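The next part holds the structures, each set out as structure tokens.
Next come two complexes, and both contain subunit A; in the first it sits with subunit B, in the second with subunit C.
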Partner chain A sequence: MSIHNFSKVVIVAKDEWRYWLRSKLAMTVLAIGLLLTLSSVVVTAITMHELSHARHELQSNAEQSFVDQPDRHPHRMVHYGHYAFRTPSPLSTLDPGIDAYTGNSIFLEGHRQNSAMFADQRQGTALTKLGSLTPAFIVQTLAPLLLILIGYSSISRERESQTLSYLLAQGTSGTTLIVGKGLALLSVVGLIIAPLAVSALFTMSAGESLLAVTSFVVGYALYLTVWVLLILLASSVFSKNSGSFTALAFVWILLCIVMPRVASTSASTAVPSTGKIETDFAVKAELRKLGDGHNTNDPAFKQFKQSLLEKYNVNSIDELPVNFRGLVASESEAKQTDVLNQFAEQRMQAELKQTQVSRYFGWVSPMVAIRSLSMIVVGTSIETHHRFLRETEQLRFDFVQGLNKVHIEKLNYQDDMNRNANAAATQKARVSADNWQILQAFNFTVDSANIRAQRSVPAFLQLLLWIAVLVGGIKFVGKRLS
Partner chain B sequence: MNYLIKQFTREWGFLLRQKYVVVLLLCSLVLSGFAIYSGLSEVSEQQQTIERLKAADQSDRANVQQKQNDAGMLAYYSFHLTYSQPSNLAFAALGERDIFPWKHRINLLALEGQIYESDAQNAELAQAGKIDFVFVISALAPLVIILLFHDLFASERTSGRHDLLVTTAKSYFALWGARITVRFVALIVCLMLPFFVGAFIAGASAFKVAYVSLLCIAYLAFWAVLSVWLGKNATSAPRVASSLIGLWVLFAFIIPILGDLAINKTVHSPNGGDIVLTQREAVNDAWDLHKSTTMNAFIKEYPALAPYVDMSSEFEWKWYYAFQQMGDLKAAELSQAYRDSAAKKYELAGTVSWLSPPLLLQRSLTRAANTDSVAAYNYEQQIRDYHQQLREFYYPWLFYKGDPTKAALENMPRFESTTQTSK
Partner chain C sequence: MTTHQPVNHTSNNDSTIAEQSKNQNNDNKRANYKAIIEVDSLSFSIKNNAILKNLNFTVGSGEIYALLGGNGAGKSTTLKTLLGFNKPTQGSVRVAGKEVSKALDFVRGKTAYLPESATLYPHLTARENVEYFLSLADINKTDEQINAAFKRVALQEGAWERPMQTYSKGMRQKTAIALAILREAPIFLLDEPTSGLDPVAIDEFNQLVRELALSGATILMVTHDVYGACQVANRIGLLRAGELVGEFDAPENGRIDTEQVHAAFAQRGA
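What follows is the complex of A and B.
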């Protein structure tokens, strides 16, 4: 485009702004839009900071109370267990995603994989089922509506008031007109995104990477560009304001309100997932074969016993230099964990597959695309929760095996066997509290920005496809306009 | 009468010739149909899951009972299924069942350590929300009504027919009333028809169906009247629609969001984590406490068991389960406060919903379908009661009767869900 044409585009855009400044509706809409975005950014930032602070504190409290436990039998500590808390990612101040929908704390103990507890949504008011005051919701759902209210008449208005033919006759090409109007709308997009971008940049001080911040802002810019293009297209195609408005409102309802829910409903219908309770039956059946780690006489450990006797070249378990009960506990924990992990992995894969189905709907609704893009980039998608589950499982396994090692090496087998004889024997079957230091500090962080960016590629492609198709459509219409 | 029919037939003909009206009506029908279909399949999936769980639960416990004889071991390894059946109206209002658990397995250990475990569904899908009939009526239908009714007058004005029509029409009703009625009835049929079919399939009671229909029609009428009234003197259809959609945004999003913020600021609920921590500390400390401390506290709750608390070894199951219960007792106050605050929030949300018709409808319908958080908390209470029954069943065996006979195990309390009988 030549400089001359470009200056014409700018003039058109300026004119559009002049029109908006004089229109009560446009100003009200703009003011409401900015107010909503700003307040959502502030409110969510405060909420997520409080959450993050609270969970950090809970985490260090949990660690403290673990190491503060008195001298005990090491296996008691295996059942005393530990808590892990999912601290939110820095960018989650802009899109809390599933944070409130999954439990944010998990109880870690021997022999079991518990599910996360205390989803905040369950203590909620159920008022925010349709939408919440988060920047993600405001920009994904309401911003397009505001753009429609401001822009539905951008071209059709000129046609309805018969200024269109006049403009075209004066040498402004249809394309120039559309591009100019588009530029004006894009500047509104800039206004809406600015608070998000500023807030996103702030998260870099909390350790978020530039890549994630950029993907986040660019993603939202692309999304709102899709809407600008849709508005321009509808406004050029329809000869009347009312036609353009009705069509756009209809499209908005379909893409922003209906499609996300159709996506999730279809996903759960298409890929039914078995709940934890149900798979637990299969897990239990599998585990039964492994034997009870509390019971050294369980026939399942016969072979293990034999191999130990050979290894240490002794005749009976009493002669072993280490504690046999500890060894059995450690051995059975390792085997159990294999089984548990295998089932947990299956469940996560099924959940991922379900989510994938709902994400495919991004090809037909840009709202679904930006929704997944945003949660993935921010690190509040289902993948992050799975990461939390995997990391806490590692934490669980490490401290349980650490305690089992203490059990094996620092507790005499005879003392251990006699532990229930009388109060003095119970007292003797203990190890020093110093051993509780084996607990590793836990600090949950989301996947690296690179991994998150890679995951978001399909969603970016979805948005880009929308843009390409719409630009093609507008070009076609723009030529016919002239 | 003939006169009326003539008016309606004429308007019906007009309606069929307006393409976008037909498209909107068809979309409503399809969406409502989809919502009902997916609701029905979700509910049947839930029912099937419960049936499968019941069978698996039964055989799992039978297995344990076959292997174990000792009362303490039996109680430790036996899990008991609890569940909350979806009501026969749940297909229309799936409600909070994707957030709250509706199935749970418990054993005789401290309940506070188990009850917050949840077998929830895919969180990312729950966050997007599901499309159910309540959603279609409360959130989508108003938008369809706005699109259908906002330009009744304005479109005639812009095309210059308005004054002519008004002066030539026999009566006000003959012109506008007939048009409004035909559109409204057509929309109601499109939206409600799938619901009636679904209700028939699910076997919902006629009374409930009538109640739901009444609420829905009243709600839709509210939006229709609002749209017609605001559009009456307008010349610009988009302007009318903008303010109507603005009202919708206010009712559906802004008021609930503000209400949510306000309620969460006023009602402080204890941190859920504190409940389990308290319970776990109490249970773990009990290992190191003097046995009589635990037992003395225990027999305050169960004076009848007082003669049987002496112990002959450093570990006995009766003591183990006694301190489990004492752990629950220690956390009881916090746990009650947690539930109370949730109930308080729900109650306040009810007040807020009087300012927001979509919320009011959602609340009324999920209440009728017994799928709201009240239902979820009732279910939680059922689990608590059932756990208590199990304790009372096991304690005599643990304390003085010795190992339970197989015949005695037959009489173990069973979880009978009361949710299925519609209230």
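What follows is the complex of A and C.
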């Protein structure tokens, strides 16, 4: 497009703004849009800041509470357990993603893998379960609707009032008109995205990278550009305002409401996953085969006992230089963890496959594409959640085995066996609280910006394809319009 | 009383009028006009449905040509074809010597088109409307020049800065004409320009059109108003079912006879 034509495009765009400024509907819609975005950004930022602060404090308290425990039997500390908290990523102030549903903390204890808990959506009231008014929700779902309300009549209005033929007859090309109207709508996109972009830039002060911030803002800009193009296309194709509005309302319902649900349903149908109760039963059945780690006489440990006697060249477990109960607990924990990890990996792989299937729907719904892109870039995607689960599991296994090591090495077997004989024996079966220092500090950080950017490439491609197809359609319609 | 004679250009099945149409004087008079709009064997169809059939006529500089016909006769389609909105199925349409389909920007740049309902932008004032369209055409005009154009079309001064949604149809037409004057367009295509106007507004409009023609503008108007066409046109073409079935020329310093045109219009059921 030449500079000469671009100046005409700017004239058309300025006139569109003049029309909006004199239209109560357009001004109301613009004001509502800006107010919603701004308020959601502020409210979510405050909430997430408080959450981040609270989780840091909770994590610190949990660690302090663990190491502050008095002298105890080490296995009691295994069951005393420990909490791990996921600190939200800086950008999650704008898109809490699946964090709101998956929970943000895990209770870690021996012989068990607990689920994450304290999900905002689970502990909320019935109303909050419908979803929060987050900046991501506003821009993903409501902003397209606001753009439709402002722009559905951009071209059809000209046709309906016969100013279109008048304009064309004066020598203004259809393409100039469409691009001019598009430029005006894109400036509205800029207004909607501005609070989001400013907030995203602020997250850099909390350690977020420029790459992630740029990817986030560009992703949303592309998404809303798709909607601008859809609006221009519908407004150019339909001769009546009512036709354009009806078509766009239908498209919005289809792309923003129906398709994301179709994607989820298709994903769960294509990759069926076992329910929690069935899985729990299956896990229990497998664990039962491994024996009871609390019972040294469990037949499951007969071979283990024999191998130890041979290894240390002794005749009975009393003669072992280490605590046999501790060794059984450690052996049992290792085997149980293998089984638990096996089931956990199966579940995570199924979830990942379901997510992939769901993400394919980004080719047919820009809403699905931006939702995936946003969660990935922000660091609130399923991949990040799985990493949190794996890292907390590693933390759990390490501290449980650390305590088992203390059990093996620092508690005499005879004292251990006699621990319930009387108060003095119980006291004797305790180890120093200094041993609780084996607990490692836990600090979950989001994936690097490069990894997140790489993961988001397919979603970017989906949005770019939408734009390419729509630009082609608009070029065709623009020529026909002239 | 001046005698008005229809001239040739009729269809073969209308021999009565065709015989009357041979008038050497009028042919000579028409030769004085330099042809600006040339419609040559123009046919236009939509899905094998012929809308325009072998149309032939020219409109010269300083001439007012009224294409007269009933509903569905193909009047507006002819205008749209002249503006390049329709591609001829057969024949050619030239404006200022250029084939319309090959020089769309040139033709539209030279043409002032007034649709049947020249609404312009209701949220803008007359001045803002004019300034907007002029800026799109890369034409710079001072406030004084715009005021002068408004005065020329007799648009009340108090209305210039009012949103056009408060305008009557006549005022909107005047604004559109003022815009055309400011664009210095030499060709005017008017679609039912007096439809819905009160008699005073019609007289004012006709006077304006005559003045434009006197200043050398080429004016083609389509209308179903026999009386209105006879009042203002130098020449009338009678269109029926997409076919030009007769033409009437005004005599020197006179007007086309309304009764004769009306009789032909009624006779043909145009």
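Everything that follows uses one rule, which is that the second predicted complex is superposed on the first by the 474 of 482 C-alpha atoms of A that agree within 3 Å, B and C clash if a C-alpha of one lies under 4 Å from a C-alpha of the other, contacts with A are read in each partner's own complex, and residues count from 1 in each chain.
Quick note on the criterion: a residue touches a chain if its C-beta (ideal position, glycine included) is under 8 Å from a C-beta of that chain, and two chains touch if they have at least 3 such contacts.
Worth saying up front: this structure is predicted, and the values here are computed from it rather than measured.
Novice: Aligned on subunit A, subunit B and subunit C: do they clash or fit?
Specialist: fit
Novice: Could you tell me if A:N341 is touching subunit B, subunit C, both of them or neither one (first, second, both, neither)?
Specialist: In the superposition, A:N341 contacts neither subunit B nor subunit C.
Novice: Between subunit B and subunit C, point out the one touching more subunit A residues.
Specialist: Counted on subunit A, the partner with more touching residues turns out to be B.
Novice: What is the angle, as a multiple of 10 degrees, that the CA centres of subunit B and subunit C span when seen from the CA centre of subunit A?
Specialist: 90
Novice: Now for A:M375: first (subunit B), second (subunit C), both, or neither, which partner does it touch?
Specialist: It touches subunit B, and subunit C stays clear.
Novice: Now for A:F281: first (subunit B), second (subunit C), both, or neither, which partner does it touch?
Specialist: first
Novice: Minimum CA distance, subunit B versus subunit C, superposed model, integer angstrom?
Specialist: Nearest C-alpha atoms of the two chains are 14 Å apart.
Novice: How about subunit B: which of its residues touch subunit A in the complex?
Specialist: Of all residues in subunit B, those touching subunit A are 20, 24, 27, 31, 34, 38, 41-42, 45, 49, 52-53, 56, 60, 81, 96, 99-100, 103-105, 113, 116-131, 135, 139-140, 143-144, 146-147, 151, 154-155, 158, 236-239, 241-242, 245, 249, 252-253, 256-257, 259-261, 263-264, 269, 271-273, 276-277, 280-281, 284, 287-288, 313-315, 338, 341-342, 345-346, 348-349, 352-353, 358-359, 362, 372-373, 376.
Novice: Under the touch definition given earlier, write down the residues of subunit A that touch subunit B in their complex.
Specialist: Against subunit B, the touching part of subunit A is residues 25, 29, 43, 54, 58, 62, 65, 69-70, 72, 76, 79-81, 83, 85, 97-98, 101-103, 105, 107, 114-119, 121-133, 142, 145, 149, 152-153, 240-242, 245-246, 249-250, 253-254, 257-258, 260-269, 272-273, 275-278, 280-281, 284, 351, 354-355, 358, 371, 375, 381-382, 385, 419-423, 425-426.
Novice: Which residues of subunit C touch subunit A once you look at their complex with the stated criterion?
Specialist: That would be residues 80, 83, 85, 104-105, 108-109, 111, 113, 115-124, 128, 132-133, 135-138, 176, 183, 189 of subunit C.
Novice: If we count contacts the way the header does, which residues on subunit A are in touch with subunit C in the complex?
Specialist: Against subunit C, subunit A makes touches at 4, 8, 11-12, 15, 18-19, 22-23, 161-163, 165-173, 482.
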